[in-house]
Amino acid sequence: MVIRVGLIGQGFVATTLAVGLERIKRGEIPPYGVPFQDLLSYRINDIEIVISHDIDEEKVDKSLYEVAKKYFSTLDIPESLSTIRVCRGIHLSSVKDLPIRARGLEDFMSLERAIEKIVSDWEKVHVDVIINLITTEHTKPLTSFKELETKIHNNEVNNLPATYAYFYAAALYANTVKPLVFVNAIPAIVAKNTALVSKAIESRILVVGDDGASGATPLTSDLLEHLAERNRYVRSIVQFNIGGNMDFLSLMNPTRNIAKETTKSSIVEDILGYNAPHFIKPTGYVETLGDKKFVSMHIEYISFNEAIDEIVINMRINDSPALAGLLVDVIRIGKIALDNEEYGTIYPINAFFMKNPGPREGKSISRIVAYQLLIDWLLKHRALKKVPRYSVYTLEKFEY
Amino acid sequence: MVIRVGLIGQGFVATTLAVGLERIKRGEIPPYGVPFQDLLSYRINDIEIVISHDIDEEKVDKSLYEVAKKYFSTLDIPESLSTIRVCRGIHLSSVKDLPIRARGLEDFMSLERAIEKIVSDWEKVHVDVIINLITTEHTKPLTSFKELETKIHNNEVNNLPATYAYFYAAALYANTVKPLVFVNAIPAIVAKNTALVSKAIESRILVVGDDGASGATPLTSDLLEHLAERNRYVRSIVQFNIGGNMDFLSLMNPTRNIAKETTKSSIVEDILGYNAPHFIKPTGYVETLGDKKFVSMHIEYISFNEAIDEIVINMRINDSPALAGLLVDVIRIGKIALDNEEYGTIYPINAFFMKNPGPREGKSISRIVAYQLLIDWLLKHRALKKVPRYSVYTLEKFEY
Amino acid sequence: MVIRVGLIGQGFVATTLAVGLERIKRGEIPPYGVPFQDLLSYRINDIEIVISHDIDEEKVDKSLYEVAKKYFSTLDIPESLSTIRVCRGIHLSSVKDLPIRARGLEDFMSLERAIEKIVSDWEKVHVDVIINLITTEHTKPLTSFKELETKIHNNEVNNLPATYAYFYAAALYANTVKPLVFVNAIPAIVAKNTALVSKAIESRILVVGDDGASGATPLTSDLLEHLAERNRYVRSIVQFNIGGNMDFLSLMNPTRNIAKETTKSSIVEDILGYNAPHFIKPTGYVETLGDKKFVSMHIEYISFNEAIDEIVINMRINDSPALAGLLVDVIRIGKIALDNEEYGTIYPINAFFMKNPGPREGKSISRIVAYQLLIDWLLKHRALKKVPRYSVYTLEKFEY
Amino acid sequence: MVIRVGLIGQGFVATTLAVGLERIKRGEIPPYGVPFQDLLSYRINDIEIVISHDIDEEKVDKSLYEVAKKYFSTLDIPESLSTIRVCRGIHLSSVKDLPIRARGLEDFMSLERAIEKIVSDWEKVHVDVIINLITTEHTKPLTSFKELETKIHNNEVNNLPATYAYFYAAALYANTVKPLVFVNAIPAIVAKNTALVSKAIESRILVVGDDGASGATPLTSDLLEHLAERNRYVRSIVQFNIGGNMDFLSLMNPTRNIAKETTKSSIVEDILGYNAPHFIKPTGYVETLGDKKFVSMHIEYISFNEAIDEIVINMRINDSPALAGLLVDVIRIGKIALDNEEYGTIYPINAFFMKNPGPREGKSISRIVAYQLLIDWLLKHRALKKVPRYSVYTLEKFEY
């Protein structure tokens, strides 16, 4: 059974997802970076990207094939991408500080009409899963869905995050067409917003969010768990991040940066149980680094009998593929939840795949622990063909 | 209720354990590095070191206070250590290549008599827990306990590992005095030897082993788990270790080194599920590094859409305190098992605390997963005052 | 012959200098970190700190002994420091954003009178060398000494850097008392300001500056030289710096940070000959790191036949002692120049000891190359007892 | 004017040299990694590789084009390489422990005849420069050239390093055909052997050697110089090297490893002036790392007032291109010396380009200092079109 996916924001992540998926489906490359590979009830081959929205004049009305050509100049891009079109989306000034020539539907019509247009785009291709991959934006807390409804109705295009407009479109779609999964892969607050999650339940939406767990943060969470489990007292944590892609360029804008920093810093207290002195931030932009960012981390802690230990970690990691690989499973697992008529948001899914897992009271936990929760959830939903390697659930029975 | 502990090998780990314990008991320092701090049914204050055995002429017949003075020249050593005596033990040439002036009981009497002497030393102070902390030695596989019995009876002092002689002493003690915990904190094969574990069950011994999980290996296991859970394909793993303590000096001997390498390398295939090309070894000795070793690790892996990522980890870590901190809990949890009349060896305990966890078929798993197993074991034994931070067991109930 | 030194800003560097000097003089510690140790015509023992100025109410009117006690709580502070007094200096709001209770002489009298007071303080103790070690401040370019004179005369205390007021005091002192060395060890622009250097020549001042070459920048300069000499093409340079001392706290203020960044970044183009894309900045403050900062650097370059190489450097370095050690030689070499009646500023001295070497057209060069220039200067001034290890000058003659 | 080059050992370095040279000559790539690019009196375009010798049956009688195809499967190999032939050379069991099917000329004829054959191969193409790039081999010290002559005459093929046989061939060639440059780019002892250098003078050979300064050692020399110039006291140095090319595989053989270790370790005492405790070794082989080795270095030192600093360096570097790039200049500068009738060995050339610079008493010095010596040598020989960037010689005149 096919899972129909719509992308929002045809940047590096969305394009890597589209290209990588096709290459795996054609048997060109193994499914590395896809956590559950061939273990889920849905196969990777069941995923079909059917539509995309963007506001960059360089991309609108192009095919995914043409867009992919620009990102991967030396790669043999699958022809199958030439049938998927990038439609014009909504930007609501979310990119006004970036070097992009952007025009959204709202520049041509009222916001309400623009949203209806998007819903109708989705309806034509019967999307099951929508993935929000627009540039990081700061979202002011929303106290009620009503507030959002009013703003859209009054065409208040300023200070309205594009993410909210897309969520509104998703709600409209779910109400009038069919249930869907809304994956919020960026730091905007959706799955952690109680008002939006309530609306999601009401409209039969499953929200997966917030902020896809690629980059250094997931690893940091497991490192801190490792130290916490040994009661090693962390004296300081420093984590620098620098890259050369659009995401880093956009984070040079202080308000975006704060959105990101909050996501990254929350793990310290959530996992350690105390707020160890830390500096964890996207720190800079150097274009020649490209999508392969450089991360440097320093942790100093006190061990038994007052010994002082230090760990330094340096990484060169490709952020976009890491996130794209996770999304392959978010799509499939989100659809499994949908098939089970589970709406709102599901912590065991978010805890593993997202940096800032909803619902509002959901804490950032070690990813390795979250993985165990997810295995448990998948087992309970009979969604696993077999248990990968080992888990506490299988070990428990076997070992003693 | 007091837990009486006997140490074998009064080196840096044993001395750090003795000093750190007293300092915690006197309220001088917090119990950092002790995983379960004040959460267990036994308190740290319940532990009492009552005896020690060594074969270094510089230590035999000294008090722990005198020995500790040499290791920690600037520290204010607790006076309470002056009542604990270092008795002469057995070496069986386990240190013949090292710059130590060693004489064991077997140099003065038959091996059988020597072992009886040790049992009688333990009996006088009613030990509950014995911790093997002698220098890393290579142990050839033992096919039956009978084989060991015969060798001892025939006074075959060559090629008999001292660890086996001490295990024999433990069996004698358990048979004639009372049950006990035998902690094998070094790479010798005890908990993974089926013959010895059978004997342990028969004699009412709990074996915890093998090879205490300090150093870089436990962290590596969690790193590899982190990658495996995302299906990232590891192309190569390199891990260098260099230090300046007696352990590193002894590992310059190739046969000892192989014992250690096996322990360290097994995690690669156990956790990843395939044998990624690797070089994981204690690599050198530079005296001025002292007990704070330097570790350097490089991991290269393939992520989604053929992206190549790299992680480099450098650590300056104090091995001896790390192990000593773990032993504080091994002592307490071992005693809990003993109170429950559980003998032989217990995988959920070994999997968290040991590099090479028994029984024979016990795999090296991620320590974070092992911690969940251990929490489960402790909960089932009503040995936890409260659940630390969070665990899959508590999260499961709470979240959905 | 004694060299009398006056300090400005009794912070960590100045205090380390005072304490370290006395300990070396008493034979307690070797002169590690002092480049020319016992090779110069002046001995380390010839240096005497005779006075200090500060504006922190916690320090003013205390002895150096009392101040040192606060910085080095566990150290046995030399009694000899108890005779040196911290006099009240000038701050001119240079510290208004910092958590310091500051009052300068200018809060009690006119700026002109304040400066005269300082000159008279110096006169009483016959200073030969003045070292500016106040908190990093931003100095707007000064077009003429006249401009400075007018501002002081008109008591324009706002927006006047304290460094300029001290330089003015130095000029007054040189004009009325005797020639002196003015060491500008902070990023303020003095040796690189043509107007001030002209005034220095006129008043018989030797300026050494600007910005003492401690930290990661000197090493970076040698790394870049190493690459440039092999024509390796640098694609990107990233350098993060984070620390927990007052210097890092003050650099969280953006205008101070810019002063520092300029100093650090200029080496890229100066040494490579092209402006490789880079991010080189003091990046953060975490108090628990203390004076031992953490530096992380990443360099990617292209080698022969398009090979891509990477270097990652991580350092834990103590900034204050590194600078203090250099100052021991700046004092002695400055005095040698003074004895030779050389005023203004001297590039071969600045190029080795300073991050931003004067005069204005002086480029940042590799420190190893600068060292050769300095050796040459010292040889020409017969100031070296013997040539240290080797130099191009000695090798040239010897080898072929 | 053309410089005719003969290669010995058509491995990765020789092949990279051949391919990179052609690509530069065709304007395909810039001359990155070639220190003196277009500054020398000879141009890069003047270099022509005319012959190669190897003993690997997979390479003998192939063209360089065919060999290059195997090393660079995805690269467009210059057709011009198809006219250069790999002739059969001599191995003298230098590769008997490696997975190579090797047959040398000496397997078909007497060693004397084999050497004559090689001389005649060279004669046909009029070689000016011979570069020894065979696998690292251990060379026992040779006390006289006579000793070598006798061994060859008596056909003593065992325990005779192939390097010595090739040097003998070079002497024969120089005596009978014309002067030549013999570049010993491997750790064998040639330029540091007094007997061989005497013979070189007599036969009109210029020896450049020993052991081409690629890898981490040159950088280490500049790092140590940097510390030594500040009188920072080095407590320990650790340097690990691991790679996946034939060089690392061959170094797993202990006798080869010792040859390499000596070269690498000598810099510590040579540069610091004392033998700081160190571990500097090629440490392992992991095939998947390929030619891009991983280096990890840790240095701990004492700074002013007993402060302890640490530097950790991690590198991913391509060894073969680094060496190949240097060789482009060794060829040109060697030829310049030849044109000036300078024979034997020249320290200022060796000191920059070689790890273990001859003559026998030549010390390993900082490469940045060596570069200054080399500039001086080039200036004196009017071999520089212009001075690169800056040097002490130009700075001296200009600055004061």
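The first chain written gets the first letter, and so on, giving A, B, C and D; residue counts start at 1 in each chain.
Heads up, the rule we're going with is that a residue touches a chain if its C-beta (ideal position, glycine included) is under 8 Å from a C-beta of that chain, and two chains touch if they have at least 3 such contacts.
What you are looking at is a predicted structure, and each value in this text was computed from that prediction instead of being measured.
Enquirer: What are the mutual neighbours of subunit C and subunit D in this structure?
Expert: Shared contacts of subunit C and subunit D: no chain.
Enquirer: In whole angstrom, how far does the Cα centroid of subunit B sit from the Cα centroid of subunit D?
Expert: 48
Enquirer: I'd like to verify one number: the distance from the centre of subunit A to the centre of subunit B, where each centre is the average of its C-alpha atoms, in whole angstrom.
Expert: 42
Enquirer: How many angstrom lie between the centres of subunit A and subunit D, each centre taken as the mean Cα position?
Expert: About 51 Å, centre to centre.
Enquirer: Considering subunit D alone, which of its residues make contact with at least two other chains?
Expert: Correct list: 310, 312, 314, 316.
Enquirer: Examine which chains touch each other and state the graph shape they make (line, ring, star, complete, other).
Expert: The chain contacts form a single closed ring, each chain touching exactly two others.
Enquirer: For subunit C, which residues are in contact with subunit D within the complex?
Expert: 16, 19-20, 23, 29-37, 218-219, 222-223, 225-226, 228-233, 271, 273, 292, 302-318, 321-322, 324-326, 328, 346-348, 362-363, 365-369, 371-373, 376-377, 388-392, 395-396, 399-400
Enquirer: Looking at the complex, which residues from subunit D come into contact with subunit B?
Expert: So the residues of subunit D touching subunit B come out as 235-238, 240, 242, 244, 277-279, 281, 283-289, 294, 296, 298, 300, 310, 312, 314, 316.
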